[in-house]
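Below is one structure, written out as structure tokens, with a few remarks after it.
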Amino acid sequence: MTYKREGRKNDEPRKIIAKAGVIPRADGSGYFKIGNTEAYAAVYGPRNLFPKFKQDPKKGILRCNYNMMPFSGMGNRVRPGANRRSKEISMVTEKALAPVLDLGDYPNSVVDVFIELPQTDAGSRCAGICAASIALADAGLTMKDLVCSIAIGSINDTLLVDLDYDEEAYEGSVADIPLAVIPRTGELTLLQMDGVVDKDNLFKAFELGKKAIKIIYEVQKNALKDKYKQEASIKTGKAEDKSSAVKKEESDESKTASKEGQK
Amino acid sequence: MSELLTKDKDIVVPGEILAVGMDFLPSYGTYREGDRIIANKLGLVRIDGKVVKLISLSGRYNPKRGDTIIGNVIDLAISGWRIDTNSAYSAMLSIKDASSEYIARGADLTQYYDIGDLVVAKIVNVTSQKLVDLTMRGPGLRKLDGGRVVNVNTNKVPRVIGKAGSMVTMIKRATGCNIVVGQNGIVWVQGEPEMEICAVDAIKMIEKDSHINGLTNRIKAYLEKTTGKKIDTVEVSSQ
Amino acid sequence: MNKDLRLNLIKAFEKGLRYDGRKLDQFREISVETGVIKTAEGSARVKIGETEVIVGIKTEVSKPYPDAPDKGTIMVGAELYPLSSPDFDPGPPSIESIELARVIDRGIRESHALDFKKLCIEKGEQSWIICIDICPINNNGNLFDAASLGAIAALKNARFPEFDGTNIDYKKLTDVPFPLSREPIEVTVLKIGKFLIVDPLPEEEASADARLTVATTEDGKLCAMQKGGDSPLAVEDIKTMVELAMDKTKELRSFLGGN
């Protein structure tokens, strides 16, 4: 029995909105919303790292912290504080972002990334990584590329991009494969899987995710550019010109999404 | 065949391909991969002949030799003071560099600089491990009394200072405030309360709008409107 | 911290000015947006200047406390996320976050804003627990007042989920609002030198001698207070601070719409 998705195509992610610079007190920040999953990320640093034994004299270290707000789950209140799940996600988030980041100029220091999720509807670690990638770039750090992250699901052997909670809870054979990709090279920096998938389908899943990764990259890029363009055009009236220009190109999915991100 | 994929003053993000071909040379904020030049920071593109580079728009201060900074005394050591530099690294100001007068070993260091004091100091050395040494011997290097501090994006400091100090001079004259701009993004302002507010607002405007044309004129108009005094245009060199 | 900061703040206060050009008793721009979290039974986003707080509400059903078998209850949580300020550290809740949660809790509990008896489903067996969680996004001063305003806005926004006697269906909210009969709002007044200010910036919070948070209901009754800071307060000071807080409460209340 094959699964038929309603409302969007199998390779289509949910609606995406992204912003940069949403937390003024942070050194860099990002916001990423995909469907009803929403993530804030703040970067603080490079800053002094304590305790001292954690310092690396060769380079700065990246430290990520993923947390769900107590009211962000679909069911019961989420108990505050770290748990095994959030600790593991924090760790894989670190590993997903570190390969693009060069902290060689900052020995003995730390770059802290704090990710908070106000509401979730599956795909929260991926949204967190996307928001964190925007925040790291906004913080002016040396990075060889951004990182884009999306989960590919499989329901009764039908591959689907970006499952929502209802799809994840489908009564049948469901698998979920969260990925993070360096967009320019296509290399993977996060790969997890739960559920059962054929070997062939795994590689098909990577292919299927390419379109979504491209959309995410465009939205992230536009969010960052818009922040700095906006800063530049606050009093020149150029902001209005730009938004009307974007309206004309509404057929382009990614541009529409980032335009909405500005509202 | 070499090709430029971006233009001067474009805003680019990490990973964007800026140019293809071996005729262009990668400089600050970019790297070469095969025949391509790629951005490794968020920044403003500057194309200078064959050289492609970026100007950073964000990021914390990283101590550099020769910079004049404003630091905060955070601790006393046997042979000097520990100074916060508004970066990942604190700096050392040793007794021998602290003052033009002779400070005897074992003297009460708080007589000179106490914890919580602000100082204008110059970075004389930064090691590979980011051990930073400061000096207070030199023109303009001193302890700052009173006043308030405002943090600005360290990448915007050159714009706050302006060409040959023109911008900060204009704000000083218009508001009557004493102003010291540290390369580390700390700006110290001291004057009448309402004029301090006016000066800080002008500095915040520069920080926000630094990369658009006509900045000097807009700041001038703002200062004239707020202080109700005309600024002599001859003094203000255009950018 | 620059040790001249406090003196310089006072110098400006003498001219009736704050660092951002405000008057001493003036709030920054305020906005309140409700229903911002789809996974919560009620929610609000409050911005006071650059300070931004999200308050969300979840409900649970559990056995009432033995000493109050006919009552439900509330639980207020607050965490000072290191995401929202360079001054907040990761780790277990700090004493500051516990104080924030308890002060908000008292304002709601002691004003009897929520009728706890109406939260009882079956005496001695089942009652609602209302969980109010305060989550700062950006802390640029005055989290107390932002959190208090957000908590009431979220309570007004909230609806009970469907409950069949055994399970809660969080996906289906009823149109039954919470039994909210009063709307206590807190305003915090700071004393710096001899001056009293409201809606402090982080620099002002760091320089404050004392702080008084006052919760007031719409009929002008005080329902909770908390003194903070290291210096004592004279009775005359407290009188002025309470009056200032009560006066400002009216202003904040205007940002709470209908249900």
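Per-chain residue numbering starts at 1, and chain names A, B and C are given in the order in which the chains are listed.
Just so it is clear, contacts are C-beta pairs under 8 Å (C-beta built on N, C-alpha and C of every residue); 3 or more make two chains touch, one makes a residue touch a chain.
Values in this document were obtained by computation on a predicted structure and should not be read as measured data.
A.B. asks: Counting one step per pair of touching chains, how few steps separate subunit A from subunit C?
C.D. replies: 1
A.B. asks: Taking CA centroids for every chain, report which one is farthest away from subunit B.
C.D. replies: The chain farthest from subunit B, judged by C-alpha centres, is C.
A.B. asks: Decide which interface, A-B or B-C, involves more C-beta pairs in contact, and give its chain pair.
C.D. replies: A-B
A.B. asks: Going by C-alpha centres, which chain would you call the most central?
C.D. replies: Chain nearest the centroid of all protein C-alpha atoms: A.
A.B. asks: Roughly how many whole angstrom separate the Cα centroids of subunit A and subunit B?
C.D. replies: About 32 Å, centre to centre.
A.B. asks: What's the distance between the Cα centroids of subunit B and subunit C, rounded to whole Å?
C.D. replies: About 39 Å, centre to centre.
A.B. asks: Residues touching two or more other chains, restricted to subunit A: which are they?
C.D. replies: Residues 47 of subunit A each touch two or more of the other chains.
A.B. asks: Help me check something: in the complex, which residues belonging to subunit C touch subunit B?
C.D. replies: Against subunit B, the touching part of subunit C is residues 1-5, 7-8, 11-12, 14-15, 17, 19-21.
A.B. asks: Tell me, which parts of subunit A touch subunit C in their complex?
C.D. replies: 22-26, 36, 40-42, 44, 47, 65, 67, 69-77, 80-81, 112, 114-116, 118-121
A.B. asks: In the complex of these two chains, what residues of subunit B are touching subunit C?
C.D. replies: Subunit B residues touching subunit C: 72, 114-118, 145-149, 193-194, 196-197, 200-201.
A.B. asks: Quick check on the complex: what are the subunit A residues that touch subunit B?
C.D. replies: Its residues touching subunit B are 27-28, 45-48, 57, 60, 100, 102, 105-110, 137-146, 182-184, 220-221, 224-225, 228-229, 231-236.
A.B. asks: Report the residues of subunit B in contact with subunit A in the complex, numbered from low to high.
C.D. replies: 11-17, 31, 38, 40-43, 56-60, 62, 87-90, 128-130, 155, 208-209, 211-212, 218
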